[in-house]
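Every chain is named by a letter (A, B, C and D) in the order it is written, and numbering of its residues begins at 1.
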Amino acid sequence: MEGVGKSYFGNRVLANVNFSLKKGQILGLVGENGAGKSTLMNILFGMPVIQETGGFEGKIYIDGKEVSFNSPFEALEAGVGMVHQEFSLIPGFTAAENIVLNRESTTYNVLVEAFGDRLRTLDRVEIRKRAETAIDTLNVDLHPDMCVSEMPVGHKQFTEIAREIDKKRTRLLVLDEPTAVLTETEAAILLKSMKKLADLGISIIFISHRLQEILDICDTIIVLRDGEVVREFVPEKTDLMSIASAMVGRSIQGQSQRTQEDADRTSGEIILRVENLWVDMPGETVRDVNLEVHKGEIFGIGGLAGQGKLGIGNGIMGLYPSGGTVTFDGDVVPLNDPMAPLSLGIAAVSEDRRGVGLLLEEPIAWNIIFTALQVQNRYLRSILGGLVRIRDAAAIRDCAKHYIQALEIKCVSERQRVVELSGGNQQKICLAKAFALDPKLLFVAEPTRGIDVGAKKVVLDTLREYNRKNRATVVMISSELEELRSICDRIAIIDEGRVAGILPATAPSTEFGLLMLGKVQKTRERVTA
Amino acid sequence: MGRIKSFIEAAGWPRIIIALFLLGLFVIAPFVEVRVDASISDTLVRFGMNGVMVLAMVPMVQAGCGLNFGLPLGIIAGLLGAVTSVELELTGILGVLAAMCIAIPIAVLFGWAYGLLLNRVKGGEMMIATYVGFSSVAFMCIMWLLLPYKSPSMVWGYAGTGLRTTISVDGYWIRAISDFLSFQYGKYFYFPTGMFLFFALLCFLMWLFMRTKIGTAMTTVGSNPDYARASGVNVDRMRTISVILSTVLGAVGIIVYEQSFGFIQLYMGPFTMAFPAVAAILIGGASVNKATILNVVIGTILFQGILTMTPSVINSIVQTDMSEVVRIVVSNGMILYALTRVVKVKSR
Amino acid sequence: MKYSLREQISHFLVQYAVPIIFVLLSIVAIPLSRFSTEYLVQEMVARLARDSFLVLSLLIPIMAGMGLNFGMVLGAMAGEIGLIFITDWNVMGVQGMLLAMIISTPLAILLGWMCGAILNKAKGREMVTSFILGFFMNGVYQLVVLYGFGNIIPIKNPALVLSRGFGIRNVTNLAGIRHCLDDLFSFNIMGITIPAATFLLIGAFCLFITWFSRTKLGQDMRAVGQDQDVAGSTGIPVERTRIISIVISTVLACYGQIIFLQNIGTMNTYNSHEQAGMFAIASLLVGGASVSRATIPNVFLGVILFHLMFVVSPMAGKYLIGEAQLGEFFRVFISYGVIAIALVLYSWRRHKERERARRSLRGAE
Amino acid sequence: MKRQYVIDALILAALVAFSIFLYHSGKGYTLIFDNRNITLGEKSYKAPEYVQVTLDGKGRPLEIMGGDRDIMTVMGKKHVLKVDILSDDEETVMATIERPFTVRYDGGNLLNIPAFLSGDADWNQRIELDIAPPKEEEPAQEAIPGAEKPK
């Protein structure tokens, strides 16, 4: 088999990405969230979302032949296997059953003649044998008869990989952050198995945030940033620092937007103090966070996905089970009660815009005023001599119109349903909803996710302006470091549910990068120790 | 053309067909010697009788609890009120009011318990509601036999205990609400003004309620529970309130129904009463998670219109009673249509 | 994983709460009813033969994750239409029964396909949809049988037709095939008649289900039942598999209804099928099955316990309170109550599981 | 795939054939055994005083006096009819005639015993059955009160 070559030219999310991978080699793919890793893999794997959004540019070659997959099934046919972050396993089935899922070994019986191949009987013995072979190839300790629902998470991962191995055609295996959910020992076993697979001639694309792992096992390392390959490394000739800086390090002029005025800002007294906060938010667990936010500043919270930065805002807002002490403006904020922070003057813009942030089926006006109506009893008027208070339609309309104008929300009227608006305009409505509360402190989570460049600027400017004009404190949570650095005064980086460090926004980006990859430091400490 | 098309799309084919069908029935009626005025009067009376029970669907639909197939629970509360009122020998408007006053606290209690139950089974409300309704009716069958009611006009003559299947309210409070300001026009046309005023009053109160802080919160819970929670609304409490409200309206609704109908139907009487109410509000344009008072009014008129007109008109044409079949097909077909509409699945 | 004995017992009690309650109720009610043991055993044997097949037809959709198939009444309707035809043609005995099965099969397949397609449009609320679909099709059935038969579809036998000249009577006499299967070969043990042929058929069907679950199709169904998205992503045709499961269930319900009615001997033309669905579902749940898991032992245990309660309760009510009707209402309450409780438990458990699944996502530490 | 269709078609055909067989073998006929004097065309036959009729050698024989008739329902068209002519004391069998026959008409068949004994081809005649519609009897199964369709 000649070398697997792939070149590929795109733009916007991905631009002009070229790389090649030889048989039996492991390619490490690293990059920040949103750097384009998933998009790249989706293209490679023929996910329908690529076709739906107008296909891709460039060419992919496997074994020297040009390929273009229209569905994951075609990719599977061609020998591309992928293990996603989310498991694709049937919980009630055993490991063996999952490994051979929809490719079961069957034997003939007479009813097949009448009703077709789906009535073939399962060959349990053969299935078990195949599963054992695959597991042996991986060289892990996994019992084929174990039920997936009773497995520890590492075994689930092994089951998934074993499935790909069992597909005889698999020559290229994509592993998307396989070690993220594993314990140290499990991860070590997995890495060993990967090496073994590579020796068997299967090429692997390995995506991970744990740089040490990448350094340990990959033959080549590619760093993606903003949809471009920024550097290509050979592990022997590099170290963690240079990879980390390549990942996050946008060139220094990234800070040029900051004005003199920004530098002169002085922060007031502490308005929000967070002590020993833990939040049980699935996928974003916060373990032990201590923070102090000063009055009038824009405080940024950054970090890689899944490290818990989103959990902080949601936890304080009472949306997920949490504990610890949160003090706001001298008052202790009761946790686990969404009403409490709202009535104290804390508002939040959720990162899950369509899920939590908006009433998609309701008009714009209603979206904007609802929280203020519930929390502060505004936009109500008395009727029947004060007996009942009902919605004040006129006040609501005026309020909605005010924000539509102020935030340049593009819509037909304030009665238009939110679902019909674009992502950017929906985000503006989320902001309007928070502004309508007149908050003293505003949490904004991922304000620019999924909206176009123009809208991004408007949203960030609005936030900045709101902070300046109303002297309101803003806590902005974002995965995009540069965005944080362009608007915040101080930035905290969260890693593994804890604060890795708090730096002024003017600190060099490599320092942020190192904080984000704090796990790497720890690993290295352990190695040296 | 485009406007017609979009109108059809908005209203949905089944509703258009049903409306045209009803219109057709009214057009044909004079030709087959069915009196239109009598038919209209019948339709109106039945509209008034059933309207409140259809209105009872609104709060639960709005709060995202789905169609209230558990309406029999409210109806049972209403029946208890009605039976007690007769036992106390109360007559006229006083009797009806007493029935309601007794029924409402019971309905609140039932609704509260029912609401607690539904909060534990989010996502499976409709099927469970159906069977909770069914089993509560069956349970009450036992209770009707055992409850110590004594009034000779209600218990079985020979045994002296156990309530009868059908109890006449003639002599107590038959048409106590209906006859308020009602008038007769000609031989066939009767207009139950009181019942309409009462229905309008309830509609107005509902309209008002939906505009209060709680009502707004309830609608929001139905629209997006996560949004509501993030805005400081207690989702479970809103759902419970909606269920209580629905149950209370069911109780009031059955009393209105009985005073016009003239009989209290016990035992298996309330068993299937949820279905016409559900069908009516769906025909009126509601979906599984959105309903307005306009839906209630339109739906009840259309549905009851069909129920009134099919027996008389179709029977005159084909000399066969097909009303039963038409009723089953129309009402269940409508519910089926609503259930298979794609509704966005909310992430939890 | 090891559980302590205490945990095992409590797990057992929770899992089998419904059957245990029924056993206890029966222990109280049987002496009260003053029925002789022989009578009860004979009744149970007869009812086991009569009802098991109908209940078994519910298993496959449960396997495919579609919950209790309230749409089985569609199959029952198809079976009844077959029976009307053979009664009209005066085909008797086992031949008549087989012929009824054969002619109603295409109809059952058609109805099952339709039902499956509709349920695919209402994912996540299959049960309530199939429930309403049952009512809806009942209307259509009435339209066909009450107005179509004797009009569009010729019926020769005047004994079947209403006096107005078309439409089938409320009660159809199935004297021709009455007990034909039960009596094919039956024997007596200690004065109790055992319809061996029927039990053989039921036994064969149990084997079929066991075998079926070991085929590729059966495996696909279980996969689809547990996680549609995962099954779909590995290339299993999810929608088609779901439809097939409903088709099989409908056809089997059709046969079940024919077996049921050959035992009864008369057919309540417009009501038999509705009760069939309701009884079958209640029986299955009484046997300890849930909406997502049901086994063959559940079926037999359920049929026995449910029908024991059913036979005993009116007489128990009569002797206890002097009111037979009370017992009758009680058993109605039980039938519906069991379904309600089973549904609540299922939803509640699913709720809990979802929460637990969420917690397991918390990460490795 | 093609093979499967062929086999499916064969199975279907077999099922249809089987249905036809079931229809014929299972169809019920009403036979009326008529032990009366009869004149068919030129010939007259006299009914014996007392006969025993056995069909297919199964079941309890029908005992028919002269001038009487009896009724029986059978499945399928082909049968063997055995007639024993008994003496007056109803004990001695005086003669036995056994012959296969095919039922000729749907619905009612009037079978004349004397003509059968004499071997007349016209012994099987058509008869209009006057079937009274059965009483609307209550079905034997338990009904759940109120478990009817929703209103």
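Following the convention adopted for this analysis, a residue touches a chain if its C-beta (ideal position, glycine included) is under 8 Å from a C-beta of that chain, and two chains touch if they have at least 3 such contacts.
No experiment lies behind these values; they were computed from the predicted model shown.
**Student:** Please indicate the chain closest to the centre of the assembly, with centres calculated from CA atoms only.
**Tutor:** If we average C-alpha coordinates per chain, C lands closest to the whole-structure average.
**Student:** Counting contact pairs per chain pair, which pair wins?
**Tutor:** The chain pair sharing the largest number of C-beta contacts is B-C.
**Student:** Computing the C-alpha centre of each chain, which chain sits at the greatest distance from chain A?
**Tutor:** That would be chain D.
**Student:** Report the inter-centroid distance (CA atoms only) between chain A and chain B in whole Å.
**Tutor:** Chain A and chain B have C-alpha centres separated by 48 Å.
**Student:** Let me have the rounded angstrom distance from the C-alpha centre of chain C over to the C-alpha centre of chain D, please.
**Tutor:** 37
**Student:** Starting from the mean Cα coordinates of chain B and chain D, work out the distance between those two points in Å.
**Tutor:** Spacing between the chain centres: roughly 58 Å.
**Student:** Could you list which residues of chain A touch at least two other chains?
**Tutor:** Within chain A, no residue contacts more than one other chain.
**Student:** Which chain D residues sit where two or more other chains touch them?
**Tutor:** Those would be 145-146, 148-150.
**Student:** Which positions in chain B are in touch with at least two other chains?
**Tutor:** Only 137, 141, 267, 275, 327-328, 332 qualify.
**Student:** Looking at the complex, which residues from chain A come into contact with chain C?
**Tutor:** 72-73, 88-93, 97, 101-104, 106, 117-122, 124, 150, 153-154, 181-183, 280, 282-283, 285, 306
**Student:** Show me the residue ranges of chain C that touch chain B in the complex, using the header's touch definition.
**Tutor:** The contact residues of chain C facing chain B are 118, 121-122, 124-125, 127-129, 131-133, 135-136, 138-140, 142-143, 146-147, 164, 323, 325-326, 329-330, 332-333, 335-337, 339-340, 343-344, 346-348, 350-351, 354.
**Student:** Considering only the defined contacts, which chain A positions touch chain B in the complex?
**Tutor:** 317, 319, 338-339, 342-343, 348, 350, 352, 355-362, 370-371, 373-375, 377, 380, 383, 388-391
**Student:** Enumerate the contact residues on chain D facing chain A in the complex.
**Tutor:** That would be residues 3-4, 7-8, 11 of chain D.
**Student:** Inside the complex, what are the residues of chain B that reach chain A?
**Tutor:** Those in contact with chain A are residues 208, 211-213, 216-217, 219-220, 223-224, 226-227, 229-234, 290, 344, 346-347.
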